[in-house]
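As written, the chain order gives the labels A, B, C, D, E, F, G, H, I, J, K and L, with residue 1 at the start of each chain.
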Amino acid sequence: MGDHVYKTIEVTGSSTEGIEAAVRRAVSKASETIRQLRWFEVVDTRGHIEDGAIKHWQVTVKLGFTLEE
Amino acid sequence: MGDHVYKTIEVTGSSTEGIEAAVRRAVSKASETIRQLRWFEVVDTRGHIEDGAIKHWQVTVKLGFTLEE
Amino acid sequence: MGDHVYKTIEVTGSSTEGIEAAVRRAVSKASETIRQLRWFEVVDTRGHIEDGAIKHWQVTVKLGFTLEE
Amino acid sequence: MGDHVYKTIEVTGSSTEGIEAAVRRAVSKASETIRQLRWFEVVDTRGHIEDGAIKHWQVTVKLGFTLEE
Amino acid sequence: MGDHVYKTIEVTGSSTEGIEAAVRRAVSKASETIRQLRWFEVVDTRGHIEDGAIKHWQVTVKLGFTLEE
Amino acid sequence: MGDHVYKTIEVTGSSTEGIEAAVRRAVSKASETIRQLRWFEVVDTRGHIEDGAIKHWQVTVKLGFTLEE
Amino acid sequence: MGDHVYKTIEVTGSSTEGIEAAVRRAVSKASETIRQLRWFEVVDTRGHIEDGAIKHWQVTVKLGFTLEE
Amino acid sequence: MGDHVYKTIEVTGSSTEGIEAAVRRAVSKASETIRQLRWFEVVDTRGHIEDGAIKHWQVTVKLGFTLEE
Amino acid sequence: MGDHVYKTIEVTGSSTEGIEAAVRRAVSKASETIRQLRWFEVVDTRGHIEDGAIKHWQVTVKLGFTLEE
Amino acid sequence: MGDHVYKTIEVTGSSTEGIEAAVRRAVSKASETIRQLRWFEVVDTRGHIEDGAIKHWQVTVKLGFTLEE
Amino acid sequence: MGDHVYKTIEVTGSSTEGIEAAVRRAVSKASETIRQLRWFEVVDTRGHIEDGAIKHWQVTVKLGFTLEE
Amino acid sequence: MGDHVYKTIEVTGSSTEGIEAAVRRAVSKASETIRQLRWFEVVDTRGHIEDGAIKHWQVTVKLGFTLEE
């Protein structure tokens, strides 16, 4: 986290398994188009319920990446 | 999430295992008396410590459900 | 949580596995020097990304303990 | 707002028209079962988009009512 | 605060005396219909003024109670 | 919004019609005594309910004005 | 709290006795110059300590008053 | 809101008419370049005042859209 | 509050009487080991309920003290 | 900060130089009409950009002053 | 700030000198690819410490720019 | 910021010069007793005013340091 300029974006990943899997999905999808991802911060943890059971976990993360020189 | 009226309640579930299990317990207990649960949002993650180890995870969620027509 | 005085400190644990493991690491490290840990509250969930994958989860918790009489 | 005890609940109304209509829908639905509604406070204004246009406005309000003596 | 599921409600008590009396009034009124109240948290302290003097203190508390098994 | 000093005040306007009308009432009343109003920011949207219908919308705005040189 | 325009100011009262006395001091001082005070809201409770004991309680309140027609 | 990855952006729309029109302008402008807009959330409502009257309403919304597979 | 460096800690005091007594207990306990306490700020007011009555008030304060030269 | 009543106002100063200069401008302007200014707190730091460079820094401060006896 | 649609992005600039220089670096880097930058707002001021001295200041700003017609 | 446990403390530094100098004073004082300081975050910027001019800047920072293995 040294002498660079970073940009932050906000992405929501979903998963039927749980919180970590939803975060990993968000990071994985973002890394398809952004090479220099450096950190994440969880900002919101939500989900959908059907018939009394959790169907999807939806976790919103801020993702920071280096703007290349 | 269409043309309905929703009510939100706040429930805390606990678990010896972890965060997802505590959320599932809160949803499961609430669904015993509320049929139309639709979504949850985690608002607080706490827990109890005994002898230097975590004994319970206690996760507070907002739960939204449809008010039936 | 009865008739005592408590002090709260803020500690960040890290883990390559996930959120619960990072919290357990923070609690475990703090309990090496503090005997009367009673509760925790998650205040921040972050982490590091390398080559498009999460390398560390870093979870900051408030830890409360009894000030001994 | 004198010498009473009040309870607050959280309700989300939706409307295709706009914010005021969504709040009115929430108040109207809640008043079917609660007689002593006294005040509201808007806590969240969201909505759904389809084909580049807003389909529903969804406004969450806190509703306060008198607990009868 | 062990292995249970809790529900939280929000109630406002009022008093001509002061903050503690308003909280006690909220707890007392809620306990008429809820048996398992366990904790409270003050979320708002307001009041009314008439002729330059405080007429009512109005304190809003969150009240947590055990959902019975 | 250039090279000036601004002061901010907080005013609540009310209306039987809706949110915009309540904001306009607050701005209009403040402009009777303050000449250099420049901007507003909505900070709170509340209202009163009587017989299950909204009687007044009450919108609190911050109002910024130039301190004259 | 009907069809009026209100202004809100922020005042801090202090007291050697406690929180209610500090709020009353703030209200009393403000009412020397403002006739139409209607409500208060506590926004901050602080104080000074000397020789291990509390010397002053300092409570900051928002005070609302009617702008006269 | 099922099994997808979403991205959130922040856009401010303005209007001489009111809040809903400013939100619609923000959504409409964003939909020129983003096809999969799904939801919005109002985060800020401000505006400009000239000669004691509101000239523009400026509403900032978060806009969520599906990242295509 | 002049030309010094201060450290802030967070302590929770409890009391069967009320808020001020719980704050005094926190200050008193902290002053057993810290000589230079200067100010406090209330950050949280909670408590325990048994059989429909408040058993303990628990008030969390930030305490600031001078780091000695 | 002893046994007085304080009032707080909110003022925004601007500067082409930086943050401290903008705060100083706000304090200086306010002191033209208020004699007993005692403290400030920075609540917002913004600014204007023209042609890719910062033209003005605009810093909003709360200013506290003693209400004279 | 008239009749336009704005987009907001979040960028972090770093500097060994101080806060203003880190903000200027963020604005300068962003202006390489965005022509219509109009305003900034500081949202976070952090930094790195090595051997007891500050090595980098890292300031996160929101940057607003006009979406061209 | 890798595989360690960190503790966070809150310290306020003061300076007659400005914000950066106050932060440096806080870091410098804390480093007299803590060897492994790693990062800071500004949480509050305040100050004292005398005779219409700023006498001290007081900046509160969170300081993070490695708990040694």
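As a convention for this text, a residue touches a chain if its C-beta (ideal position, glycine included) is under 8 Å from a C-beta of that chain, and two chains touch if they have at least 3 such contacts.
Computed from a predicted model, the values in this text were never measured in an experiment.
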item	value
Set of chains whose contacts include both subunit H and subunit B	A, D
Distance-maximising chain from subunit H - centres being C-alpha averages	I
Duplicate of the B-C contact set - from A-K, C-L or D-F, the pair where over half of the pairs recur	D-F
Whole-Å gap between the CA centroids of subunit D and subunit H	22
Centre-to-centre distance between subunit F and subunit A (centres being mean Cα positions), rounded to whole Å	38
Whole-Å gap between the CA centroids of subunit C and subunit I	22
Per-residue multi-chain contacts in subunit I, two or more chains	1, 9, 19, 48
Interchain contacts, given as pairs of chains that touch	A-B, A-C, A-H, A-K, B-C, B-D, B-E, C-I, C-L, D-E, D-F, D-H, E-G, E-I, F-G, F-H, F-J, G-I, G-J, H-K, I-L, J-K, J-L, K-L
Subunit J-touching residues of subunit K, taken from the complex the two chains share	19-20, 23-24, 27-28, 31, 37-42, 63
Complex contacts: residues of subunit I adjacent to subunit L	1-9, 62, 64, 67
Contact footprint of subunit C on subunit B as seen in their complex	18-19, 44-49, 52-54, 57
Complex contact set, residues of subunit G against subunit J	9-14, 16, 25-26, 29-30, 48, 56, 58, 60
